[in-house]
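Below: a set of structures, written as structure tokens.
Below are two complexes that have chain A in common, paired first with chain B and then with chain C.
What follows is the complex of A and B.
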């Protein structure tokens, strides 16, 4: 894929992460702030609450999107930094292959966890 | 001065020839790579935001696989999940959680500034770069100040939520 297209995807992922990551952080780490804004306070990390989110297709979809955008954005940025540190063409190819492999590995693992957590057993 | 032949391509002076990476001048070595990022020299505040953006981004991308692995403990049932949460309440890990939160808040809000710049919203009309640069002073710097003030507020609230509360 052309570098400009990869860069555009990096920006699109950044914009998506502002929304999805912001929502995730607000729900998980700012319960008192959300409570002050009118949202009923509940223990979001209790097993029952976690399992309820896992069973909801909307939450599972949001988790997959969040994981995918975060991995793409993060690994594209890491790739740029690593290619600055090791600028030779051979190192650049190795870095490209490395970030794709790491990204696929973590994405497949994460999606498997999300899918298994949503199973009805 | 002898007339130049328009059919002959002008010669590039030797000093302007691209230099192979292996033959780069030694004096540049301290301004490249990791040392080059950390040396902000006389650059403005945005240069330090750039360094922090990279550091926070690297921290977040290293944390992400760990976060996926830790949250996967819920697959092993409620007891294992409660044990995992108890482990995460260790003071060192609570501080780590706060650092992740602070890194995310800073990276996201500084990222808004970068997105606005990349999309051209804070660049102004093309013009001669006359000092003091009006676009930088009246548009880019105030945006950076507002976003960093917001980041400070969210990090302070996060500190209270994660550690104090």
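What follows is the complex of A and C.
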């Protein structure tokens, strides 16, 4: 794939992280903000609330998106740094393959955790 | 008097750079190049430096002057203080003293095919008509066409320092200069060379190249525009077509004055 497409996706991931990270911060850490916006404050960190979110398809979808975008954004940046430190073509190939493998591994693990968390006890 | 310190290197004798100091009488309007000529003519004929036009046009006399890449011919000694510290451009191999090897710069420049690429090769080789271009279309690339190939931008670039394979600001700016030219149709071919981490996407936008450029080319801007073109497509979709040349019919007054025969139909 051309570098321009990877780079564009890197920027899209950054924008998505801002939106998803902002949503996370608003819901988890700034309930007062939501209260000010008209949404009554709820005990979001209570076990029942966490378990309810884990079972909701919308929340699980958002978790997967957040995981995917964060992984892509972080690993693309890491790849850029590593490729600059070891610029030889052979090292570049090894770094590209390594970054993709690490990304896939962590993504599959993360999705498995999200799926299992939503299972009934 | 001004003190001129030069980091010297003779490949036949030296393993590392050695510093040599001379005192030069400061004259009004004296440039660093003038000071180097004064040393070479009156104190040390073995000092090596490169120059040609002496007026900031050829880009031959680029060197590191008091820590900044600059052209020796356009840098006034009086602006630099009592000590002038000189060395060859960083990120380049040193041939001798202040003369660096620009071969890699020219090689990278060639990589981006710095010329008009068009489908009508015959017309290009044996032109019969004009490629029309409006002033606005010319302004899209004019700033970037002032490049001297002096290599000061490569000497200033931090990415070039860490990654020698990086094409560098000079070549990338020239890739955009031709991509933005309405007469060019070779964006796809040129994209093969620049759409990579060693190309436009290796640039971290430090902006040191634009600061160093003696002609105001602003390579950092060109690289950002090149990135945009690579993601969203070139500034123009198709090269400008050839058009018939403007008919050159002299006015009646001019025809009478210079006895120009009427145009044959």
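A few comments on the model shown:
Following the convention adopted for this analysis, the second predicted complex is superposed on the first by the 119 of 121 C-alpha atoms of A that agree within 3 Å, B and C clash if a C-alpha of one lies under 4 Å from a C-alpha of the other, contacts with A are read in each partner's own complex, and residues count from 1 in each chain.
Just so it is clear, a contact is a pair of C-beta atoms (placed from the backbone, for glycine too) under 8 Å apart; a residue touches a chain by one contact, two chains touch by 3 or more.
All of these numbers come straight from a predicted model, not from anything done at the bench.
Contacts of A:29 after superposition: chain B is touched, whereas chain C is not reached. By the touch criterion stated above, A:3 is placed in contact with chain C alone, chain B being left untouched.
Using the contact criterion defined above for the overlaid structures, shared-chain residue A:118 touches neither chain B nor chain C, since it reaches no partner.
Chain A has more of its residues touched by B than by the other of chain B and chain C. Of the two partner chains, neither chain B nor chain C is touched by A:98.
Shared-chain residue A:68: touches no atom of chain B or chain C. After overlaying the two complexes on the shared chain, residue contacts for A:83 are found with chain C alone; chain B is out of touch.
In the superposition on chain A, contact of A:51 is made with chain B only, not with chain C.
Overlap of the chain B and chain C interfaces on chain A comprises residues 84-85, 87.
Chain A meets chain C in the complex at residues 2-5, 7-8, 80, 83-85, 87, 92.
By the touch criterion stated above, chain C contacts chain A in their complex at residues 159, 162-165, 191, 195-202, 227, 230-231.
On the chain B side of its complex with chain A, the touching residues are 21, 33-34, 54, 57-58, 60-61, 64-65, 68-69, 71-72, 74-75, 78, 81-82, 85, 97, 101, 104-105, 108, 111-112, 115, 118-119, 157-158, 160-162, 165. By the touch criterion stated above, chain A contacts chain B in their complex at residues 11, 14-15, 17-18, 21-22, 25, 29-33, 45, 47, 50-51, 54, 67, 70-71, 74-75, 77-78, 81, 84-85, 87-88, 102, 106, 109-110, 113, 116-117.
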